[in-house]
Amino acid sequence: MIKATIVGGSGYTGGELLRLLVAHPEIELFQATSRSHLGEYVYQVHPNLRKQTTLKFSDPDLLQPVDMLFLALPHGSAQHKIDQYATLAPNIVDLSADFRLHDPQVYEHWYGSPHAAPNWLPKFVYGLPELHREELRGAHFASGVGCNATASNLALLPLVKAGLIELDKQVIIELKVGSSEGGAEGNPGTHHPERAGVIRTFSAYGHRHTGEVMQELGLTNVSLTMTSVDLVRGVLATAHATVKPGVTTKDLWKAYRSMAVENPFVRVVKEQRGLYRAPEPKVLAGSNYADVGFDLDESNGHVVSICAIDNLMKGAAGTAVQCMNLMLGFDEALGLEFPGLHPI
Amino acid sequence: MIKATIVGGSGYTGGELLRLLVAHPEIELFQATSRSHLGEYVYQVHPNLRKQTTLKFSDPDLLQPVDMLFLALPHGSAQHKIDQYATLAPNIVDLSADFRLHDPQVYEHWYGSPHAAPNWLPKFVYGLPELHREELRGAHFASGVGCNATASNLALLPLVKAGLIELDKQVIIELKVGSSEGGAEGNPGTHHPERAGVIRTFSAYGHRHTGEVMQELGLTNVSLTMTSVDLVRGVLATAHATVKPGVTTKDLWKAYRSMAVENPFVRVVKEQRGLYRAPEPKVLAGSNYADVGFDLDESNGHVVSICAIDNLMKGAAGTAVQCMNLMLGFDEALGLEFPGLHPI
Amino acid sequence: MIKATIVGGSGYTGGELLRLLVAHPEIELFQATSRSHLGEYVYQVHPNLRKQTTLKFSDPDLLQPVDMLFLALPHGSAQHKIDQYATLAPNIVDLSADFRLHDPQVYEHWYGSPHAAPNWLPKFVYGLPELHREELRGAHFASGVGCNATASNLALLPLVKAGLIELDKQVIIELKVGSSEGGAEGNPGTHHPERAGVIRTFSAYGHRHTGEVMQELGLTNVSLTMTSVDLVRGVLATAHATVKPGVTTKDLWKAYRSMAVENPFVRVVKEQRGLYRAPEPKVLAGSNYADVGFDLDESNGHVVSICAIDNLMKGAAGTAVQCMNLMLGFDEALGLEFPGLHPI
Amino acid sequence: MIKATIVGGSGYTGGELLRLLVAHPEIELFQATSRSHLGEYVYQVHPNLRKQTTLKFSDPDLLQPVDMLFLALPHGSAQHKIDQYATLAPNIVDLSADFRLHDPQVYEHWYGSPHAAPNWLPKFVYGLPELHREELRGAHFASGVGCNATASNLALLPLVKAGLIELDKQVIIELKVGSSEGGAEGNPGTHHPERAGVIRTFSAYGHRHTGEVMQELGLTNVSLTMTSVDLVRGVLATAHATVKPGVTTKDLWKAYRSMAVENPFVRVVKEQRGLYRAPEPKVLAGSNYADVGFDLDESNGHVVSICAIDNLMKGAAGTAVQCMNLMLGFDEALGLEFPGLHPI
């Protein structure tokens, strides 16, 4: 059994990691830390884990060596202690934004301050297996992924990989997101009477995850528009791009199907009947799947590519466990079998 | 025109009062205070009031004399300054719990500390027109009403007034409530991911509003059970009582119909067809109506009486304006004409 | 008093018209028809109207002459009987899609069958006062407006009117819509367990309302993408366009402010603080306001213009009453005073 | 591997069974039938099963022999063909109401028509392991359980089993339920605009599941009040009873803890801190747990006992699989490991 510890276990990403690792057949969950809930049973914070584990939250300053360390801390924290963390475990997945961008200047552009450990940036593989599966096998350091970036990247990946879209034309990505994206700490805007029933476009352009999309897909003219809607888990990316002259729906089918064949957690959803004809995040709650779909207006080359994920799973903890499986040589899907619910 | 001021205008009850008074044909809204939003336009806090008023929140320490003062402060506040408020206006409606209970000992029992102005308690009329209409006409001081107490009182009033139920048997009232009941200040439990989709029984018995129900209906054996559900505005009280031997459904119809005839804001909802056969709070959002209904199991005398209200209207601001109308000699329904929406 | 009749009163648009006309100070509501609810009280279908009116639904085949006729029938119906309706009333507002498009060929393109009364098309004014106020004054025939078209048109109107955007570049409009858009008749996709919590992109491009946007704004390269979210009332249009070289945020402020000054039901929402910094449909439920806002990325000329409306009000019944007010010479805002609720 | 077939696989209970059996390590899912979706992939109806199974819905008239038959048909159907089903499989779990009540007269009382196969009633074990674990081991025929009955039975079981409550006093059970209880077939009342945000008391007393509670707990004076709230999955039962003189909170703790120790899927939730102090259905979506809690007013003996379940799992499919595990000698919890999500 592999010993693993979660640093930062009381947030939503940490809680989802806890759920996955407690049940993972190859993992012994060793510690989960929380400063604010120190000494409490993890099930007192994450009530779904009652009768699953009797682990208590431990002190983040009293970490013990393990095989695998998951860092689920707020952005900007891990980079200050990464040297120390590296002495505690040979394998690290950091789920924050700290090690996703390779270029320190790009990091500073999007996050507003210089990176504290720029020498570590090249050591981290960007932790999206659909983009970096081979690099992740046997790697020791993987970043997490931005949830909005992941939905965007997986919406566009079939188009970019197959060379089907014009790269010099603007790509507009509209993201509709649930409330768990904001994390476990509330603020006036997450107060239920103000947050229920919203359709709230809170960022017209310039969202930080834009940097991850540009880096990973090689796009230069891309804009993310963020809108909060009434849902707890889930994000839907609707990406608008322009296909190259002559590209047909048949070409797109081929590109999307290839992606689904090559990746265990990607599915193409494009049905002619039934209620679920396109990707839909609500049926993905708790699942690691990314559902992708598309429509092409052949009259003008306007392609609309859609990707739905659970932001806490494929957009965070699920992908982190998927990375761990690749890093440690397990089956990529191990511990990620829950398929989601219908109805929900 | 009557000059009116709202002390405490940035909360939800204060906001609803603002909406009502801005549009009230006999009222000139003079001041609305807020310490935390001092100097801001009221529409920056209550976005529905944009283009309705250019009033800004003023300093609660700089109140000017007016004809009518509404106190919409947190519980426990108004009682400490009531002498001062009384020098500023001849007419006061206090929407907090401070002047609802007549007996200082009863107040201390439910609110946990001695009342700071017990001499004022007898001066206030309990501000529910369905119970005290004649006393309110021309009165100068009226209390507000507890939202849960109001739903409970109006559910039981037809039965109590007509002498139809056994008063020595326990009355169990199950209240299902929306999130706006908790006020505009958030807490961890109102964080959207934790509050959405709840069915959360947060108080099995002993809710403070029990005292208002006991006082106003003369009941001694009554219990309120509180459950939060996913809704912003609205409360439904489902009251379980036992009718006296021989009481029939026909007797109940008579009692409920009388109540609806006598009270402009009470409606009986008991239909045999359609989707809205029983009282339902969602169609009451923004409305001052209390919808009541009932079912009697004639085999054992178990009567289930139901009342739906909008907690911010009939349960707070709407009733306060209704009281003002009675106090100042206006038509009781003035400014309270909005009937609610369907669908919503 | 003006006598008015609603043909098709049991649907959601008809219900909203009923609410508005019952309370309208210059209107005597004469008949409201419904084949499926014939003989029922209107409040049995629209429970918010209990105690507001004792009108019963009457037979659509037994219409009597009135001053003003509102047609709230399913699309494709009114055009077959418009000659007959015109004998019954000198003034008609048709809320369906039948008389919105002026060109019969354009109609056939979007609605799939030839128009049954093409000679009537030029007689109808497109019923959006923000576009055709002067034509509507004294007009006898006005069309309704598509709810999605209205949100789109009002999002783009300040930009188009002031000549600020490139008309040859594609305009992408992402619409997020509530469930009442689909009307009062359910289908498998509106079954609550399937519809709750959705983020469902049901039309990537080619929505019928595109025709109205093209006609009214003179745009040729515009695409509407439709996504259902969990809300009953409300639509948010997020429009992506490209400003002409040199256009600044200051230019946009000027254009948007002018629109709000000229139109009683348009408001600019663009705040630097508070929770409601941008247009948000939830606070508009029941209100006739269209809230508009914008963001400009000056680095690349990408402008994001946002418009929020209540689809049943500004997107249907509210605008119809606003048209009637103009047609009959009343104050444009008469009967449309309800400002919406906060919180909700 | 045990071959199993689901008769009636396109409903919600059938879909949940499909999810569980597709992943069950000892089961080979052989057929799943659906008349309305004949020939479709099961994942076209239950989108969470995409990439889980390539099974298609088969003809209910073409069933083949298997080891285990699950009947997930509408109430009143299985009793007419039970003889035939019994020739196809030695083991049957019927999830409808057809074989829950042992007494044909009781069945007729609650379901309104005589039972078609009364001779089969004594052959079925009531399929709630918490009540009939030993009988279920090796049994060949088990009934399903009513979801509301299960929440009620498990709320009251600790009190009844330990002899703590007065059996001659009325027990009032208030049930708050999500929309999936009504099944996959929509009706006007489940249309999203009408069903969203409801607090709808649709049955004040006399719900059919009352019969199951009376039979299983031996209660004679019990009433179920049903209220729909805005949630898809989940039911909360809040039961009001009266303890015998002298019963203390300590006695209750002992009774509830025993129940949790004896039953793998029962948990006591009664915390002094945190957000989840009492049972809450939303964190149980997809889980087979029944969470129970209680509060006792020692001043008058009023006990409020609460039970939360997922109506499709512990209230239907989960319990059915738990029964199968017992019937076939597997570990009781096999295939039921998913613990639910937080947040959701």
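Each chain carries a letter (A, B, C and D) given by its place in the written order, and its residues are counted from 1.
Operating definition for what follows: contacts are C-beta pairs under 8 Å (C-beta built on N, C-alpha and C of every residue); 3 or more make two chains touch, one makes a residue touch a chain.
Just so it is clear, the structure is predicted and the values come from calculations on it, not from any experiment.
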{"item": "Identity of the chain that, by mean CA position, is farthest from chain A", "value": "B"}
{"item": "Selected interface, B-C versus B-D, where C-beta contact pairs are more numerous", "value": "B-D"}
{"item": "For chain A paired with chain B, centre-to-centre distance based on mean C-alpha positions, whole Å", "value": "45"}
{"item": "Whole-Å separation of chain centres (CA-atom averages), chain B against chain D", "value": "38"}
{"item": "Where chain B and chain C are represented by their mean Cα positions, the distance between them in whole Å", "value": "35"}
{"item": "Numbers and ranges of chain D residues touching at least 2 other chains", "value": "12, 180, 184, 188, 193, 196-197, 230, 232, 280, 343-344"}
{"item": "Chain C residues within the chain B interface of the complex", "value": "12, 15-16, 19, 23, 40, 44-52, 180, 184, 232-233, 264, 267, 269, 271, 273-274, 276, 280, 283-287, 289, 291, 337-344"}
{"item": "Residues of chain C touching chain A in the complex", "value": "170, 172, 174, 176, 188-189, 193-194, 196-202, 204-206, 221, 223, 225, 227, 229-231, 234-236, 238, 240, 275, 277-282, 294-295, 297, 300, 302, 304, 306, 308, 343-344"}
{"item": "Interface residues, chain A side, partner chain B - complex", "value": "12, 178-180, 184-188, 190-193, 195-197, 230, 232"}
